[in-house]
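Naming follows writing order (A, B, C and D), and every chain is counted from residue 1.
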Amino acid sequence: MSEKIKIGVIGCGRIAHAAHFPPYSENPNVEIAYCCDIIEEKAKIAAEKYGGKAITDYKIILADPEIKAVSICTPNYCHASISIEALKSGKHVLCEKPAARTLEEAMDMQKAQQETGNILSIGVVNRFNTAVNKIKELVEAGELGNIHHVYMSFRAYRSIPGIGGDFTNKAVSGGGVLIDWGVHYLDLVMYVCGDPNPRTVSSETFSVLGKNIKDYVYTNMWAEDTAKFDGVNDVEESVTGLIRTDGPVITFNGAWAQNIGESDSFIDFMGDKGGIRLQYCGNFVHYSTKNGMLSKTEYSYPERNAYSNEIDAFVDAAMGKECDKRASINVNIHTQKIMEAIYKSAQLHKEVEL
Amino acid sequence: MSEKIKIGVIGCGRIAHAAHFPPYSENPNVEIAYCCDIIEEKAKIAAEKYGGKAITDYKIILADPEIKAVSICTPNYCHASISIEALKSGKHVLCEKPAARTLEEAMDMQKAQQETGNILSIGVVNRFNTAVNKIKELVEAGELGNIHHVYMSFRAYRSIPGIGGDFTNKAVSGGGVLIDWGVHYLDLVMYVCGDPNPRTVSSETFSVLGKNIKDYVYTNMWAEDTAKFDGVNDVEESVTGLIRTDGPVITFNGAWAQNIGESDSFIDFMGDKGGIRLQYCGNFVHYSTKNGMLSKTEYSYPERNAYSNEIDAFVDAAMGKECDKRASINVNIHTQKIMEAIYKSAQLHKEVEL
Amino acid sequence: MSEKIKIGVIGCGRIAHAAHFPPYSENPNVEIAYCCDIIEEKAKIAAEKYGGKAITDYKIILADPEIKAVSICTPNYCHASISIEALKSGKHVLCEKPAARTLEEAMDMQKAQQETGNILSIGVVNRFNTAVNKIKELVEAGELGNIHHVYMSFRAYRSIPGIGGDFTNKAVSGGGVLIDWGVHYLDLVMYVCGDPNPRTVSSETFSVLGKNIKDYVYTNMWAEDTAKFDGVNDVEESVTGLIRTDGPVITFNGAWAQNIGESDSFIDFMGDKGGIRLQYCGNFVHYSTKNGMLSKTEYSYPERNAYSNEIDAFVDAAMGKECDKRASINVNIHTQKIMEAIYKSAQLHKEVEL
Amino acid sequence: MSEKIKIGVIGCGRIAHAAHFPPYSENPNVEIAYCCDIIEEKAKIAAEKYGGKAITDYKIILADPEIKAVSICTPNYCHASISIEALKSGKHVLCEKPAARTLEEAMDMQKAQQETGNILSIGVVNRFNTAVNKIKELVEAGELGNIHHVYMSFRAYRSIPGIGGDFTNKAVSGGGVLIDWGVHYLDLVMYVCGDPNPRTVSSETFSVLGKNIKDYVYTNMWAEDTAKFDGVNDVEESVTGLIRTDGPVITFNGAWAQNIGESDSFIDFMGDKGGIRLQYCGNFVHYSTKNGMLSKTEYSYPERNAYSNEIDAFVDAAMGKECDKRASINVNIHTQKIMEAIYKSAQLHKEVEL
């Protein structure tokens, strides 16, 4: 019988508890050996619940030869540096999304992966979502024909996460709604459409509702309890744009905050033969034609938690079993390139070519 | 008591019956003197219902010195030529939208208007819609603050009008869904936002569902009973793009036909202080904040048929009473410029500057 | 150019106005020459609206050599006798459903058809309904696999048609809800399932709510304004049963009147590969599986009035053009056999074999 | 003060936890002395939660003279044998439904009850449901008049419980949806209608969707996590039929699995004076007439958990207090006879007489 592998989790905040600890603890091949957070209290809470030692310095994990793999759940600004250090210490790495703040950082990560040969997966969890994979199957089976246009809508009313905190501080997060929510939508579209090369990007970003932190009116901060009035908000709260690729044209509207009280979070895949509207993190509807009729189809299917699928695939790969490449750093380079171009186009107020 | 003015209607098809004849016949200052259509039967049906002589040659109207004003309800391809001829014959002109197939034609019309001094109004009927004018009032009162972003969605399932007929023949219509539906949305946004200058346009147009006319599956053709299998379809059935202006950025998605079975027809005006979602041809919702609360407001107001408002304003102007400039050819030049740029960008697959 | 054929309509009541006169008058190849009803007033009303001579004796029509075809829209008791007489007079016949009160009568009609070679179509209008034909196509394409079970529900609250009148008088109508509504459901199922041979029938019929006409409480009589207190009600108001055939097993519940305030009118076709629920006279939903998912599909399709399809097919056949056999008396024999067996089983309180 | 009686629970699976343990533990007169399951782990989990000794051999309970009564919650195949053994050991018995796999087994149980004089109640829990008892009261008060027809619908989409496991193995369970769900519906109808004698049964059973276990597509197995691909499925997944009794005619459709995505679970009681539609395990609506009006009445009433009522009645009887006969083995003989006839008729493809 195979031995358990030991893993360490670096960063014990919201995403670690939502996405990493539960699946690790349910995986029979895993022993959680370290819970690390620079805030000791957070490390202790995690260790009490999921086992392992509570520590505040991640270098202890990297130095421990028994550790095979780490999850990196820190704020975005140290994704690249810790990932690279971990790879070089001989660990396999699952790093939360976005891979990095910038394309340059992401490419450094890719290089470290290539040099070390260790696994570097990114938390592009939608690639492990059942509905998304079913859509990919339908697309690959030709059910949509050629997809010429995709529209991504990730718009919320007034939901800036913890204004004044890490999320709205560009030095920490690398950006706002695009890097926080948009990266998921973009990655999902890239995955379903076969990772087409981007060609042009024209976009604009906005920061108006939360420009003056204390004037921002809200009912919910989700990531934090309240606004941090003395904090920094220098990231975009909404974004819009048009992307041309080798495959479909992608139009998008995204907003952490807008003065429209509707939450639209869906992706429309529009092909010449059929189309699909996916409710993000939900179900999808398939429109097509049959025997001269228009058809509208809803599907049911057994679903499994996407985080469990993601962690299990990472663990299998780390154990040298099946190596599932769908979350590899390589597939993130495209997304990172596009995001970089979106920010650049918004700054120049004109289209950029890739 | 003022005498009635005599008018002639050129083109007795769907739009004449929907938008011109009823308001003229209800206006106490108007006598419908001529109903003209190249199909005699159509002219007769109109004359029987609304009075006047049924004729097939519009030159008879232009030659009649008793006629003060004409409505032009022909297919798009003769908007410019008949309008110019009518202006030069000393008539006031109300020409249906779009003003013309191209910017060049529209500018010729503007020139003829300027040279003759006669009135040239375009059928931009949304400028006479009550809800739209209420929104304009709220915007001008500062209720939305600065509008930084507008999203226009004019998307239908599978509704190409009379595929193979006039609507889908570029030589006749000048274009597809953009020139048919988009022009109304664009003009409405321009009106509400104070006719800002356009700066850049990046867009793509598509013709895939109806590419082979006989493969197009539909339940409704609205403009015609059935497809014309031996006809021409060389116009776009869907369009998407991003427009930068001196005022707001405008993102849009439009489709006569798409494989998504949802009909989205709304405009979102997003300001830093408030926002409005207008259901096209319907009501609107106003989102804002008050005393630290988020607010969502719906309004009721007495409504009057927009076509009646439009015709009455034209008649008043033609009689020398109040001259309402909101439908003047001048305001159409912007829209026409933008549409030209949209088609050009789609052709080049890159952004164009204006 | 082909000459118009002259037709006569015998019986100018509800069904003639709903189903026969409008399509005849819209068919460019038809001239309505006679409107016949034993109530002169009814004949006159029809003739005024649709043309032709108003007469009270149908023998005038049968004697007129210019008449090619007749519609028989009388009460059920004279369907057989008039149809047979008309066929023998050299006319093509479209007789309203049910073909006859009894199997024996229906077989006499079939015999007359075979001897004369003239057309005898029955008003099984569902065979001309678009949704029904689309279902038949899907079934024939194998989308449902083998259909093992069909459930027909034709149940209404308290809707006995004109209690005490023709509908509830067995000598006139031949029966109650089974012969009035059930015949349509049965025929539709036979049509979709390829007219399988019936094997056994077990059933029960009930007459309890309307047993004493003056105790029957209702809100609507539809066929007549009020109850006829001195009339006869000796037919079933509800029915239930189980039919085994060479194809599917058919279970059914039907009620003109029941003490359950729900109107269920649907048919479930249950196959091993897929299933369809058809809302009678409405749309349908298709349940199946795909790529390990359960699927639920709704279709849209252009629809044409089923009565128009039925009349046009009859006219084409009478003119010697395409002869569409789907409403032939032959396909009615099965249904008539089953109905006869249902009444017999209900009387014997045990299953009958066919 | 009365002493507590000691009871033992044989079989610690799903139904024991849902229906037996909680009410026993809430009944002040009961001490749970044994939790028995052939899987030791299951016995332990129950004992930890509800007290008593965890054992794997039920004979220990039967041999313990302090035990007054037992609940039998095993798979169906040992209902009869253990019940008989328990009765003969001097215990009162509450055996889960269905009483047995066959009529013969049920009659052996009845015989053992009669010979020993001990109580033998069956888990026909609907007889303790508040709504059902309220309906029975209304029926007995004559509010529905004579009930001539009952329709039972117990149909689900794709819900075979643990395909390949105990539920679908006839040797273990005795049958499929009829014996699992149908027995409850039949028993409920028998109870409300005064246990009328059955006369004829005509029915068909089907096993098509789950015929090949690995081709069965589903989203939920409820009873088990997944299909057991190497298991047995030799029971019916759907059933339909017509039952004649001394009282009402009963028509029914039942399905664990069907290709219709609707879950219908209701019973219609149709009388000449009124009718009731009961949503199984839910509320009911009463249709009738009053002063020439149609009436539709919904009732509210205090409800008590049916399992608690059932267990308390059994405990009271076992303690020699009130002896409630409504769940006695005697009332199950009818249901068991009918189920036997349903399976026989389905096998012979013709009606059977009783």
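The working rule: a residue touches a chain if its C-beta (ideal position, glycine included) is under 8 Å from a C-beta of that chain, and two chains touch if they have at least 3 such contacts.
All values reported here derive from a predicted model rather than from experimental measurement.
Common neighbours of chain A and chain B, by the contact definition above: C. Touching chain A and chain D at once are the following chains: C.
Relative to chain A, the most remote chain by averaged C-alpha coordinates is C.
In whole angstrom, the spacing between the mean C-alpha positions of chain C and chain D is 43. Work out the mean CA point of chain B and of chain D, and you get 68 Å between them.
Our note on geometry: chain A versus chain C, Cα centroid distance of 61 Å, whole angstroms. A separation of 50 Å divides the Cα centre of chain B from that of chain C.
Shared contact sites, meaning residues of chain B that touch two or more other chains, fall at 218-219.
If the chains shown are joined wherever they touch, the resulting network has some other arrangement, not a path, ring, star or complete graph. This structure has the following touching chain pairs: A-B, A-C, A-D, B-C, C-D. Touching chain C in their complex are the following residues of chain A: 134, 137-138, 141, 290-301. The touching residues of chain C, counted against chain D in their complex, run 144-146, 148-149, 151, 157-158, 199-200, 202-204, 206, 208-209, 211, 217-219, 238, 240-242, 244, 249, 251, 253, 258-262, 268, 270-275, 277, 285, 287-289, 292-294, 296, 349-351, 353. For chain A in complex with chain D, the residues that touch the partner chain are 300-302. Residues 218-220 of chain D are the ones that touch chain A when the two sit in their complex.
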